[in-house]
Amino acid sequence: MSNTIGKNIRISLFGESHGEAIGAMMDGLPSGIKIDMNFLNSMMDRRKAKGNISTQRKEEDQVKLISGVFEGKTTGTPLTILIENKNVQSKDYDSIKDFMRPSHADYTAHEKYYGYQDYRGGGHFSGRLTAPLVAAGAICMQILHDQDIEIGSHILSCQGICDDSFSTDEKVLKKQIENMNQVYFACLNDQAKNQILEKIEEARKNQDSVGGIIESAILNVPVGIGDPTFDSLESVLSHALFSIGAIKGIEFGLGFDFANHTGSEVNDAIRYEEGRVITLSNNNGGINGGISNGMPIILRCAIKPTPSIFQMQQTINIQTKKNVEYSIVGRHDPAIFHRARVVIDSMIAITILDCLIERKGILSFMGEKK
Amino acid sequence: MSNTIGKNIRISLFGESHGEAIGAMMDGLPSGIKIDMNFLNSMMDRRKAKGNISTQRKEEDQVKLISGVFEGKTTGTPLTILIENKNVQSKDYDSIKDFMRPSHADYTAHEKYYGYQDYRGGGHFSGRLTAPLVAAGAICMQILHDQDIEIGSHILSCQGICDDSFSTDEKVLKKQIENMNQVYFACLNDQAKNQILEKIEEARKNQDSVGGIIESAILNVPVGIGDPTFDSLESVLSHALFSIGAIKGIEFGLGFDFANHTGSEVNDAIRYEEGRVITLSNNNGGINGGISNGMPIILRCAIKPTPSIFQMQQTINIQTKKNVEYSIVGRHDPAIFHRARVVIDSMIAITILDCLIERKGILSFMGEKK
Amino acid sequence: MSNTIGKNIRISLFGESHGEAIGAMMDGLPSGIKIDMNFLNSMMDRRKAKGNISTQRKEEDQVKLISGVFEGKTTGTPLTILIENKNVQSKDYDSIKDFMRPSHADYTAHEKYYGYQDYRGGGHFSGRLTAPLVAAGAICMQILHDQDIEIGSHILSCQGICDDSFSTDEKVLKKQIENMNQVYFACLNDQAKNQILEKIEEARKNQDSVGGIIESAILNVPVGIGDPTFDSLESVLSHALFSIGAIKGIEFGLGFDFANHTGSEVNDAIRYEEGRVITLSNNNGGINGGISNGMPIILRCAIKPTPSIFQMQQTINIQTKKNVEYSIVGRHDPAIFHRARVVIDSMIAITILDCLIERKGILSFMGEKK
Amino acid sequence: MSNTIGKNIRISLFGESHGEAIGAMMDGLPSGIKIDMNFLNSMMDRRKAKGNISTQRKEEDQVKLISGVFEGKTTGTPLTILIENKNVQSKDYDSIKDFMRPSHADYTAHEKYYGYQDYRGGGHFSGRLTAPLVAAGAICMQILHDQDIEIGSHILSCQGICDDSFSTDEKVLKKQIENMNQVYFACLNDQAKNQILEKIEEARKNQDSVGGIIESAILNVPVGIGDPTFDSLESVLSHALFSIGAIKGIEFGLGFDFANHTGSEVNDAIRYEEGRVITLSNNNGGINGGISNGMPIILRCAIKPTPSIFQMQQTINIQTKKNVEYSIVGRHDPAIFHRARVVIDSMIAITILDCLIERKGILSFMGEKK
């Protein structure tokens, strides 16, 4: 219904994979925030295609902030992120535009837009559109860091290979998040990491692709964030995260495993400890009744295998109205979950900042009054 | 952030478990829709507590439509649903208001509202608030039926007992949905049904509770519903469904199982068949790129065990600031997933109608012009 | 598009003139606010029909708060205002439902809702719907009083008779506002008051009606409230005020008279005075670039004559599709601007509170933490 | 609260007067609309500064559509308008940034953004930001033309000089609108035009400025557009129009003059005429109960004199905290109402298209299905 998300911090997204530029507009930012371009670029870097396990379309993705920043700081008026499309090979797409790629948005977009969508490289549905989201997320993340809020994710599983889960000890968890935010391919356990990399390499060789699960943690969200019923913290986080094309499942805390347990096994006992209210376990993933309880927020996202595979597939030609067999050409990733991780972190950062401003008011986040 | 959901159809929710009344306001309805109170009450009935497996607080839940209906038909102006609270035993709660029930919203609500929330029976966070949602859902469902859209759910699993999955054959699925919408405790497989009922009974005897998974299907949603990025169909459905207090996980199509598969295994081949575009498998659960593709929409919700159990639990007294041991009294359900099923159906109906009006315009849904 | 207004404080309105009840839902209120029912009822009283100059339908308008209040204080969850319709004479309307009353919403509502609207007494378009708005406004006003913000209005003109304008001296203005908020028929100048009352009485005798202009002032709005461009303070105030059916013009500061002046005559000189920034004149009515400047906000609303007059009028019968002559029967006001005044104050209070929460955050408005 | 306006068609605005670029994002457009760049540029041309009566900053204002258009037609995904700032003389502003220009947004922006706003040339508050609004308006206008809806405005008065009012005869009015849309300085009466031009020239010579009133008409809006109460057509139009910085008053139909009339004088008699429902007079300006009645919508906007005058003025230095005398330098307009006219038309077009999509659904506006 809208290409804008958020209530207090609003992010709008625009552009097509092979258009002139892609970008995002951020509205509602506090003023006086010094933009740390190094940090922003480090997040952009973790989203980039790298090595064999990614598409060979390597984009420079140079982020320009064309409004809303003055003398290096946010002005409080809309901040526009622009990324020009440079490494574009649009003629690749001329001959294949009528073939609806299975499990892609080609067919649904064609029907929705009556055939007028920009079909080149997935157009507005391309994974490239997540680049400005990461830039926007980085700016939100920076503001959250000033509030001691930390966000991080790792690859939990792929093809039956499981990484360790995030620690239930907050101090260890904090360290794990820091580590994950330093690396490109984020696993807690090195053996699992290597095995998952092998699975991706195997998929690449087979002209195939693989999916995976990303586990995310959010530290130090104060108690009382989120709303009952329609804007529960689970509601707003899942709304934001399901924006990411390949995500097909989201769970909080124990999630689907709750179905295998009794209340007495999984209820989180509440205790005063060192002058603070905590729960002894965290099966609810830091959220009760839609509202944060001060414990780490834990969630997991299921990411489907990249639909672009080079094997022969059955589909239709939308112009000739015929069933066809068809093999995708071009430059594609055998896996995207390792790159999607930083997009997940970004959507979480955008959402949590939005909720935090809702609760604390924008003045709590602004730079010192001149 | 808001007790209202929806863009074209907007539902607002109000009331507390032990207040004078609970209710919902529906805004944006087409005019001239004859309200079928029998159908509405049949859905209300499926949400009710019944038998041993439910709370002994049996509410009449008589739905009154106090605005927006004239001569039995919608006027097009806001329709207000009111349900008076009758079977209220508020003094039950006086002695226990300072004990924060584990895995409930007591503590988070106390912090969010600075202690001013109505604590009796969970107040605004009570499961009772889902009653007006079901009434609202029934009205939306009725409008969807006129568009040939069918929605239904069943209990997929509990404590390791698994019901059959919904059929991948659309005709069979249609029949299954019809059947599920006739029964109170909805399983496709009778043996699974009895075993799950035993698990609930066992939990009840143990002063415990159990969680479960609900599988839902939506039939005949036209192609092109939903939006790229921020308002993907997964985004808006999950936003609505995570409004339901006990839901902690949502997945579409293969969901979390995508992590175990390769693209070549799970991509949905596209075909023309009988003059219509279909996919040979439906691993994406009817949604590509956030937009419906015409296949059945399939989703699953994980519901945690009712946190109200009668065993002794560890928690805090928020007034004395002490750790305490505490046993919940009152009237509670050992399982709620079987009742939550119709709330899920209702939130789906509300969301799909909203999306459908977005696409087709409200005039397509109105009664004949007088 | 929506029967809800506001971003942080959201007011939804429901009901019909001859339905069971009318009401409003308030969402986003801070918790712990003690509701002053005496103050609320005093505002309701100023909206009531009184004496010869008003309709003879005298409604008790007893306000019930059926949710969102616990132990006399706001809970922070939705507060629902309900007013039952008691003095209803619905059979009055049976014979006349097909006659579209000139300058009323009868014809436009009939076309919009395809004839399904509740036509009795104007249905959802009735001026009665402003009663719950005043109750909602009173609650917002009470919160604003705690922030030292004062709102008041008077009848500036009717039929060429002009009351004095509000004083440009803030201390005098404060006193004037206090006075106006004590009286039913609000003029600053007694002679003007009597002459305007005569004009209304004359209209009543002539089976006619009169319009007027209401001038409003808002004191002590802090600097920095409102946004550039689309949510300028003028935009959000006018949006709210044009919700009131009879209002057909709104101006801020000099308003339409700006067209007769030069910049050098009307620019407001800025000065430091007693440690505070003020403007020497206030031609901009307290708003620059859409944002409050700390001076009193001054605005005027033009209210058209009540369209219900008892003289013979030309109109159509929507069923027979014929031109007819027709004389309205029933109970109607020869003037409503004196009653509309408190509705204006209410819509202003709702809007200013919304903007204030946007700026300062909801925590600034909540009761002391328990 | 937001730099976005609209529900179905959403326009977001970004940029600063002396930043890299200004622009707008349009979301919710129907797909398959051929963009007529000649028409768009003709509207841009009418907004431009021309001759002596305008600022000497002459901007090329070349509109680039960097997303949402493919092969010359709208794709249905966000359309981004970008206008680079070229004729920028930013060093003009270094020495004067601490002087708060009277009746400008300098002081309010400084307080709102804590001093971090881009102060150069008014930054985000500059009238330059209306350029992308006109481009967006032109695209909406083009879609409205396909629905036979016509929008036009003229200068009604300035300094006591009055142009003729728009005709009450719809055919004549249609011709007048066509004429006004062909000219740069829009008056119906040539004598009035010359006299107003003289007033502007006189103001320029006096280092002063003048304000004026713009009258607008909207033809062929179907019956039933707009909503009761909070989104009345007056509410949404005034919200959009008060976005334009210099507008300080808006009235519909008779507007403020309603206060001088009785109901019997101004009620609009309703008649069937040539198979259509019309009103014999149009004192309500085409809107009853917030909903269009099929008659021309007539409204007037009051525009204050440009606050930038070259005479010595009293103000403050926000850094030194001193009262100062100060004379504005730079390039400024002695009048802007003639240029604001096309911005008014644009905001009307954006708003009416939004309302029309709300009513008729987006599919009614899309190009032929491919």
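Each chain gets a letter, A, B, C and D, in the order it is written, and its residues are counted from 1.
Note that in this section a residue touches a chain if its C-beta (ideal position, glycine included) is under 8 Å from a C-beta of that chain, and two chains touch if they have at least 3 such contacts.
Please read all numbers here as calculations on a predicted model, not as lab measurements.
Taking the mean of C-alpha positions as each chain's centre, the chain lying farthest from the centre of chain A is C. By count of C-beta pairs in contact, C-D exceeds the other of the chain pairs B-C and C-D. In whole angstrom, the spacing between the mean C-alpha positions of chain B and chain D is 46.
Centroids built from CA atoms put chain C at 39 Å from chain B. The geometric centre of chain C is 27 Å away from that of chain D, both derived from CA atoms.
Residue positions 2-4, 7, 13, 77, 112, 124, 228, 358 of chain B each touch two or more of the other chains. Taken in their complex, chain D has these residues touching chain B: 7, 77, 228, 357-364. Residues of chain B that touch chain A in their complex: 1-5, 7, 11, 13, 100, 102-105, 107-109, 111-112, 124-125, 129, 157-160, 203, 206, 208-213, 223-224, 226-232, 234-236, 238-240, 242-243, 245, 247-272, 277, 279-280, 283-285, 287-293, 300, 302-309, 311, 313-316, 321-323, 355, 358.
On the chain A side of its complex with chain D, the touching residues are 2-4, 10, 12-16, 19-23, 25, 27-28, 31-32, 64, 66-68, 70, 73-80, 110, 112-118, 123-124, 366-370.
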